[in-house]
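Each of the two complexes below includes chain A, the first together with chain B, the second together with chain C.
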Partner chain A sequence: MSSFLSFINDKRVRDWFYQIALILLLVGLTVFFVRNASENMVKAGIASGFDFLWRTSGIEVPFVLTGYTQSDDIFALFWVGVANTMLVTVIAIVLATVLGFAIGIARLSSHWLLSTIAGAYIEFVRNIPLLFFVLFWYFGVIAALPQPRQSIGLFGVAFLNNRGLTMPLPDAPGNFRWAALAIFASWLGYWLASAWARRRKDRTGQDAPLLAIGIGLIVVVPALAIAWASLATRWDIPVLRGFNYRGGFVVIPEFVALLAALVTYTAGFIAEIVRGGIESVARGQTEAASALGLRPGRTLSLVVIPQALRVMTPPLTNQYLNVLKNSSFGAAIAYPDVVSLFMGSALNNTGQAIEIIAMTLAVYLVIGLAVSALMNWYNARIALVTR
Partner chain B sequence: MTTFRILGAAAFLAAGVSMAQAQQLAPSPTLDAIKARGNLECGVHLGLPGFSFANDKGEWSGLDVDYCKALAAAVLGDAGKVKFTPTSVQQRWPILQSGQVDLLSRNSTITFSRNATLGLNFQGINFYEGQTFIVRKSANAKTAADLDGASVCVAAGSTEEKNAADWFRERNLKTTITNFQKNDDAIAAYDAGRCDAYTAGVGALAGQRAKLKNPEEHVILTQPISNDPQGPVTRWGDERWQLIVRWVLNGMIAAEALGVTSKNVDEMKANSKNSEVRRLLGAEGGFGAMMGLSNDWMYNAIKQVGNYGESYERTVGMGSPLKLERGQNQLWLKGGLLFTPPFQ
Partner chain C sequence: MTRTSALSIWRERLFATPFTGFTSMVLVVLMAWIAIPLIRWAVIDATWVGSTRADCAPGGACWVFIRARFGQFMYGLYPVDQRWRVDIAGLLVLAGVLSVVFAPQRFKLNLTLALLVVLPPLGIWLLSGGFGLAYVETREWGGLMLTLFISIYSSLIAIPLGILFALGRQSELRIIRLISVIFIEFWRGVPIIAVIFLASLLLPLILPGGIGIDRLARAVIGLGFVIAAYMAEAVRGGLQALPKGQREAATALGLSYWKATGLIVLPQALRISLPAMTNEFIALIKNTTLVLVVSILDLLGIAQASLADPNWVGMNMEAYVFSGAIYWLICFALSRWSRSLEKKRRL
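Right after this comes the complex of A and B.
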């Protein structure tokens, strides 16, 4: 008896018991809900299962990255939505980070006007719902741009109008693949050269001519590669026929409006994170750096920001996840993301609400987990190493 | 002992009588719920002038709304006892499937796959619709075939979205279709110049043109590219409820064919020698009771709402701002498609 009592009083045993009980409860609840839903659907005569994914979709999408056409199946339509969601999310995260850093640093500037403007921007953005940004940019962009026949021509090959930016598209992308390879190789070369220069400086204290190498490998070689690829390719140049320009690749205004809204909105929040991160670095660090003779710019980039990043990374991860979720606002302005295409068009055509909503949730979950895994890895890498 | 026998026989008889009743009238959970609740819950369009539209006082009117009112009059005796639930294109099927409304009367096309896979039944046709386009007069388009290269705004997930995509693809016309979540968003984008054309049924277009900034600058193409029959929708199960929904619609059309209107319905009920009219209005035959309703079900509906023709003229026809010709929506007797089985 006493051995039984000591067994159930063992903390590890009880911990295990609670874990197992919780798992059983969750599994049981899931089974209950799934069975309940499927029984109700059978009773109501609603078809279930994932067979609908292989039906022909018949839906036309104005902005496709995957080679989808309307005679493909609904699963292909799903991928178009996923790709469009990821495209706008990734670009918005990068641009919002750049803009947010700029505004956050401006907010801390000793220049009164600059910091006031940055502060006003942050307060404005934080207190306005995102949907207003999306609609403002969308109807703002459309109202500001001319009709196709009065398009703004850019060098006679690209055209901007209220149907989007129509750009020339290479007929055969082969040359561009080689150019991309060359650019990658030269950037890799620069990375190796700078690593070598750092080692040499540690050993001998001598500076290498990195600036010249950098300009050569980062700017000149890629420019030459792109110039060569452009000249060696036949271009599909858009021409005005009937209602609009034909040919080329169109960046639709819905994409631009959604991207602009996500970037300007999220940048306000990131700016505050940047400010908080920088202010969390002890003042003595800055003073010590200037005592050593570092100029303010170098103090910021070598002393303050690396320490601030540790504070900033967890809340930045939250903002990145918000960008992913907020990209679903594109549905309000017909940006063909996964919500609009799959949960909108496909759901209405097939009526498979449960399956489609589950798949869409899974998409956000998988992308979101990938973003936070990446950020956690980065966080671990920049964590303060104590010896 | 004999008392027991007599009691037993009485119980048996009572059971037999109630079973006979049960056989005659299968249970209808929907009807029972409506009677218990005291009103009909009808899913309608968010806002489509002529079909289903709420004014600034929250009063609903339109062809689809009239049908709901007639159904409420037939079931509850009062056309005012309807609770209207506005539904978007996306919400309409789940709201009906989950039982939040008793039926949908909202300008939705009857299609095979909806019938076969969504657990829905379509109870007849109250509007024969054809899909067409609205374009700016300056675009100089006469038919849909002139829209080669145009950009078209449409509501996502509507039958119009697929119809238009199929129609242009079959003819090798390169048209871009931009899908909005709501009809209102799509037409706002068309009005803002995002698209060269907006596509929907001709009835919807007639109503929506009035909402544009300069309605006279736009023209509706006359040749439809599809046939989109529309009517009340119920969910699977509850056959008796489906029967009621179907025959109230038939009754409104039959009333027009038989010359019964909201004005002459009292006189017709009292004096008509036509037995179909008498059965329709409950003067003979007891048709209402066969479905578990009162026998003056159609009398109430016609008295309070009117026959199909009266409703059409008032909501979308010449008596309304939409000014739609009867066209296909004319009675079969007058060259249209409206036809009902007899009240026999």
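Right after this comes the complex of A and C.
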């Protein structure tokens, strides 16, 4: 008896007991839910399994990047949704970062009016729901744009109206593939050059003219490549026929509204991260750098920004993941992303709730893991090296 | 302050150097370009009195629409003669919060716990009825009242669950830690809109046949789980900020894990993480708007739905400005409170 008492009073034994009890509880709950689900599904006459993916979808999608038509199968529809989610996420992240940095730096400006306006924007945006912005841009702004006949022309080739943004489309994309290849090669070249410059600086202490090389390879070469490709290609320029524009590529109003909402909303959060990051670098560092004779520009690029980036990267990662998840707000205005196409239309047509929900959640978890892995790699690269 | 000194301050602020002056001019012109038409629309050309669409002057805002629809913005389709029940529920919550704030320090904890036991069921009874009150189905609820209902009841799920998972994530027991990490990362990794769909589709499916579950309850449970994961991370921040010696001292005094946690660790950790938890609560209020996708009409949903009224065509801007202003006021007040808590802690 006393050995039994000491056995159950042993901390290790009790810890294991609690953990095994928890596992049994979770397994029990899962079994309970799965059995209910299968009974309910049999009653409702829904088959389980992933065979439905190969059925013809029959769902028309207004915005397709993949060459999908409604006679394709449901799996193809799934990819249309994933591509649309990725497209709006990537563009929104880039634009929100640019706008957020601009507002964050304006917030820190010594110009009183500029920093006040930036502060007001941040306070305004952060305390209003994102869905509000999405609906506002869609039903308030885009719906108020003129009819196609009175479109706002942009350089005579692109046209903005309440049916979206009509842009010229290249007839043959061949030249653009070459341009993309050239851009990729020049960026790779810059990456190699900067690695070489860093090693040479470690060895000899000499600075390489990295800024000039960078502008050349990152800006000038791609600009030339795109200019060449645009001039060498025949363009399908939209023309007004009857009540609407024919030809070209139409960016649907749902995309424009969702992108505008994501960018204006997220920029407010990124601005605060930028401000916090720059403020976290102690003033003494700037003073020390200028005491050493560094000019303000070099102080910023060599002392302040590298340290601020270190503070900013983890919260920026969170914001990028938020943009990915928030792109699903498009479902409220029927932007054909993976939630509204797959969890909405496909689920309504097939009733395969469990499979479809699992696949949709998996999309976000997988992309999210990829984004955080990328940002963690970047974070590790810029992290403080302590020896 | 004399006139000259005020003037010199503004000259210093806006026109210290030619470049500063130029920037100021550009900004002032930009602001005027945006603000003048806005003020003309919202105040000068706006219509304030009247009762129908016909009273609205063209070109300006028609606030008559907001006045006519005010009841719906606040209560949704809740029966007009029963709205006093919502008001009483609101007053009870307000009285509860105030009594906790002004109670002497030593009663605070017990009073909070007592109110947490009494108020939530009382609120549900007042709003939905039964035991002498007429039933009001949840599909008739709406507007600001529903926004607040969802926010409060989801946090009632989220806060205890979040504390448990934060403790689980810090636990020495490997399996408990693993389960907590999976729970937190899963709910944080998926979009809330997908969770609301998931809850509304999956909850009726996994419960035994015949048990119906109200669609509002489904949304509240779904939101509660997501916010629990975010709350857990907020609480974890507090737990990590607390010196390890606190728990060690409690254990040395002979307190068990739960006693040490409940009496020593959590009270301090929660105080540290209160600002972070408030920020999550603000995020929750903003995210309640997503119940719109399963046709539950909270404040933003009612504003959106009111645009379809044929008697009031074209009131988009008025509806958005009014509902947006309410969200902004609530969230701004809370974020200021959270910031003041943070400042108090640093001192």
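Simple rule for what comes next: the second predicted complex is superposed on the first by the 283 of 387 C-alpha atoms of A that agree within 3 Å, B and C clash if a C-alpha of one lies under 4 Å from a C-alpha of the other, contacts with A are read in each partner's own complex, and residues count from 1 in each chain.
By definition in this document, a contact is a pair of C-beta atoms (placed from the backbone, for glycine too) under 8 Å apart; a residue touches a chain by one contact, two chains touch by 3 or more.
No experiment lies behind these values; they were computed from the predicted model shown.
When the shared chain is aligned, chain B comes close enough to touch A:Asn349, but chain C does not.
Looking at the shared chain after the overlay, A:Leu5 reaches neither chain B nor chain C.
When both complexes are overlaid on chain A, the residue A:Ser328 reaches chain C alone and has no touch with chain B. Contact with both chain B and chain C is seen for A:Phe139 once the two complexes are overlaid on the shared chain. Of the two partner chains, neither chain B nor chain C is touched by A:Ala212.
Look at A:Asn162: by the touch rule set out above, it reaches chain B but stays clear of chain C. Once the two complexes are overlaid on the shared chain, A:Ala291 sits clear of chain B and of chain C alike.
Shared-chain residue A:Gly45: touches chain B; no touch with chain C. Contacts of A:Glu60 after superposition: chain B is touched, whereas chain C is not reached. According to the touch criterion, the shared surface of chain A, contacted by chain B in one complex and chain C in the other, consists of residues 41, 43, 139, 143, 331-332, 344, 347, 353. On chain A, the positions that touch chain B within their shared complex are 41, 43-47, 58-62, 70-71, 139, 142-143, 147, 162-163, 241-244, 246, 250, 252-254, 331-334, 336, 340-341, 344-351, 353. Interface residues of chain C facing chain A in the complex, by the touch rule stated above, are 13-14, 20, 23-24, 27-28, 31, 172-176, 179, 186, 189-194, 197-198, 201-202, 204-209, 282, 285-287, 289-290, 292-293, 300, 304, 307, 316-317, 320, 323-324, 327-328, 331-332, 335. On chain A, the positions that touch chain C within their shared complex are 15, 18-19, 22-23, 26, 33-34, 36-37, 39-41, 43, 111-114, 117, 123-124, 126-132, 135-136, 139-140, 143, 321, 325-329, 331-332, 339, 343-344, 347, 353-354, 357, 360-361, 364-365, 368-369.
Chain B contributes residues 89-90, 93-94, 97, 113-114, 116-119, 139, 147-151, 153, 156-158, 161-162, 164-166, 168-169, 174-181, 185-186, 189, 192-194, 196, 235-237 to its touches with chain A in the complex.
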